[in-house]
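Multiple structures follow.
In the two assemblies presented below, subunit A is common to both, partnered first by subunit B and then by subunit C.
Up next, the complex of A and B:
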């Protein structure tokens, strides 16, 4: 995993990583309402293609550039938020 | 200069060897920034061909995004054998099924994927040993005495029985198709083509073979598969990639990303080839609004059974006819015109039939399926695509739907019956219906399962997912498996897949619709 400061470089100040923010992101991207902190993205119907939308949204919102492998390793909002926080 | 016709298209290995001899110092492959020259590649191919021996039959090759797979592919072809790629990430049972269905008698082992564990005698591909030094001289003979009707490769499509269906493609088919594509893509030695597609599907051959028979450079880079568009775009710029060939579903995501970031593609990109499923008019409209006017955006169509691409058309960029399409009105994108080597016929029910040198030999060991799919019309053998099309007077085809229930998942053909056959093999499953549904702007696979009486249904969906993952590749595992009391039947008593989905999707949490395509 490597860190990039996309949002910061663009002059935006990245938001702090929070589980609720990632939950909202999953809901928006998957168009599914039933998402909790421990919902697995790939069991909610997510696949490698929609995962790119989450990774793009994470880069935009939190200024952290994660990969698909990072996401596979942390596929729930709680774990992904922790991964984002650790990468900053 | 010898005049080439479609009937005497030179063998692929000969075309590669000639490109290699023209400039042996040129970069053939770049892998994570490291260069393999044409001279070195020809030497490795020649050495492997010698070690495999003449006519080795079908050879299983670990299919990974690496130069090893390219060396193995060309080495097998140079020896007169049949290339049979097997993804090491597939479940072991599936890999075993594939190699036995293809009749593989040998395998290639590489440093990247040493263990295919198929119980076949393996020839190890080594980058350490020096070749005989005779690549340039002896290599020139490779591909000269090959039988154009011999099998060049075996790839699999989805089969209704639950077993993968091996398609056998002869050398004349791949040679004719690759030659046509070199012309259509207008490839030159200056081009740098990204290797993106999985080596299991023939799209990878449309990246690799036109490039390596032109003298162009093929680029392998892990950032292509990272899932991160910022990384992807930096890689394209760093590696000066000029040609991209992407699944339409991935291109849709790329366009969304570029639009949200108000970004464009790096200046080095001159050709963007897409294909695999219907192009979204909304994404085309987004693309036209981006700074992409210099890039040829080409839509393509083809089936494994008719070898790579048979139809293509420029949708945007410098080569579109004037006036250009206005995608903002929701115009459906055409799938293309027949390439020069393709003989096209529109048959009953507007079904597209394909003839010409690129038609494959059929499904190995499945004479009935072959007879059903390949028919003789007007004295010529043609493949029934199952796709309904309409045709404009100037030969442009538009896809109008399928004649059967086959669907496309991330650009890969899936016969719902294959997934149903696997699910029905689980002891707790009574009946099952699988269909495609559109969710979050892409097609996904959904399954409805009726359990056997007295079968435990607690966590049955999760059990079934695990069960499938152990048996089939990821694209055959449904995004959602729902346990239901009963399925909807047609008046003749067959399971009605779409009606079953409609009944249960309405009470489902997600806002998905039945996929009509």
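Up next, the complex of A and C:
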């Protein structure tokens, strides 16, 4: 991926928040394949540094800026997708 | 007759090639690893060390009757396999770094307490920074960074210029120099951005290098990292000569003469196990085709401050001892209390440009500013019972720590000949290892690599 070629940067409308999209983000930043809708980010080996990369990807893809506290509160793809949907 | 307790005894096969003698310059992790491997194969080894101690950038600091802290290199992780094998072989053990509890942050406003290690800064802005760094790191050719696509441009850019170009959010701009200071003791104005990307790649990536648990700072060596060198040196015995700063390395068709301040040593080959700035200062004849460092190669900018307390009292208040601070001198602090030794040790890192400033202060001012800052971060602390400053920046026999920082153009200039022998002179040291560059593990790997290289000579 590249930071510059994003929906937000290109002025396209952001994608709808979907659990599968967040699953893909978890897979990319954690470099593990075994991620499901209910996988806990921190149990998969994630830490705060990697979590910020998900938040960066969420902002680029969905146009929603979440906080670190939001992430701690919703550390699974399903719950994070719900948080993104609620914030839009 | 020799047993397994005397692994250096010459009951192993003799040298495979033509090399029967070697002078190793530098008794740090790299030099002693190399010397041990060569001696085990029957090579007549002499190790010349400038200081009156072995260890190089690993140095023990006694903080209580039976407690030691690391004045220099300290940490290791599971991926540091060669180092783990070495400490097991030497009957040493790893002890986990203690990070339980909340962190303290002083990043602009009043000091605040937060769970975990995440600073009170904009998470998306920091995420953008880490995504950019990760993208860049992924492009690096880890075995040959000078062949990275776009290396020409990236190596000429300083980290500061890169940040000015790519970081827009004030939180990312605030955090980036702190991150580089903590991670690689770098002043962004002096280090090449290719070097930053390479360093992150070489160490196992952003996340591994940054992490304590599950990362490069997971463990320390129980009793201090210096013990590895002390034990290797004890096995090598009189082969290791202290107080022998090497001035010249002259070669002819028959061998090499290594001249120190105290004498001259003749051998088939020399192994220079020194940081590049020191290796570059030696007089070589014939001269080196490519220098070991340039006037842009910078010293790693680290001053380590140890504050010793009767006990790690921050733990009683739910704090880990970890802090990150925008203002110096202590840009970060970490709990370095030796396991089971009673005392509490708070280690402060003074890194980057701040290290030069702090190193120039008089000792009283160094103490008062550091103690005052520690007490502001951890108000439960009394006056420390011990206070130690280790200035690696101005140390004449290290010229910087954690490791040399390749400046603009250095990788393009020096990369291709980093490990290329100069006739009978071979190169070791953590800065010659493209794997775990700058870390203890890189030093050990360079020592193994150079020993194999010497033994393979015709």
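Going forward, the second predicted complex is superposed on the first by the 78 of 88 C-alpha atoms of A that agree within 3 Å, B and C clash if a C-alpha of one lies under 4 Å from a C-alpha of the other, contacts with A are read in each partner's own complex, and residues count from 1 in each chain.
One rule holds in what follows: contacts are C-beta pairs under 8 Å (C-beta built on N, C-alpha and C of every residue); 3 or more make two chains touch, one makes a residue touch a chain.
Keep in mind it's a predicted model, so treat the numbers as computed, not measured.
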item	value
Side-by-side fit of subunit B and subunit C on subunit A, or clash	clash
Touched partner set for A:33, first subunit B, second subunit C, both or neither	first
First, second, both or neither for A:59, with subunit B first and subunit C second	both
First (subunit B), second (subunit C), both or neither touched by A:71	both
Contact breadth on subunit A, by residue count: subunit C or subunit B	B
First (subunit B), second (subunit C), both or neither touched by A:49	both
Stretch of subunit C, among 5-13, 149-157 or 419-427, that runs into subunit B once the two complexes are superposed	149-157
Intersection of subunit A interface sets (partners subunit B, subunit C)	45, 47-53, 55-56, 59, 65-68, 71
Subunit C partner contacts - residues on subunit A that touch it in the complex	1-3, 45, 47-59, 65-68, 71
Of subunit A, residues touching subunit B in the complex	4, 6, 29-34, 43, 45-53, 55-56, 59-60, 65-69, 71
Subunit A contact footprint on subunit C (complex, rising order)	116-118, 123-124, 126-128, 130-132, 134-135, 206-207, 210-211, 214
Contact set on subunit B toward subunit A in their complex	225-231, 249-250, 253, 256-257, 260-261, 410, 439-440, 442, 444, 462, 465, 479-480, 509-512
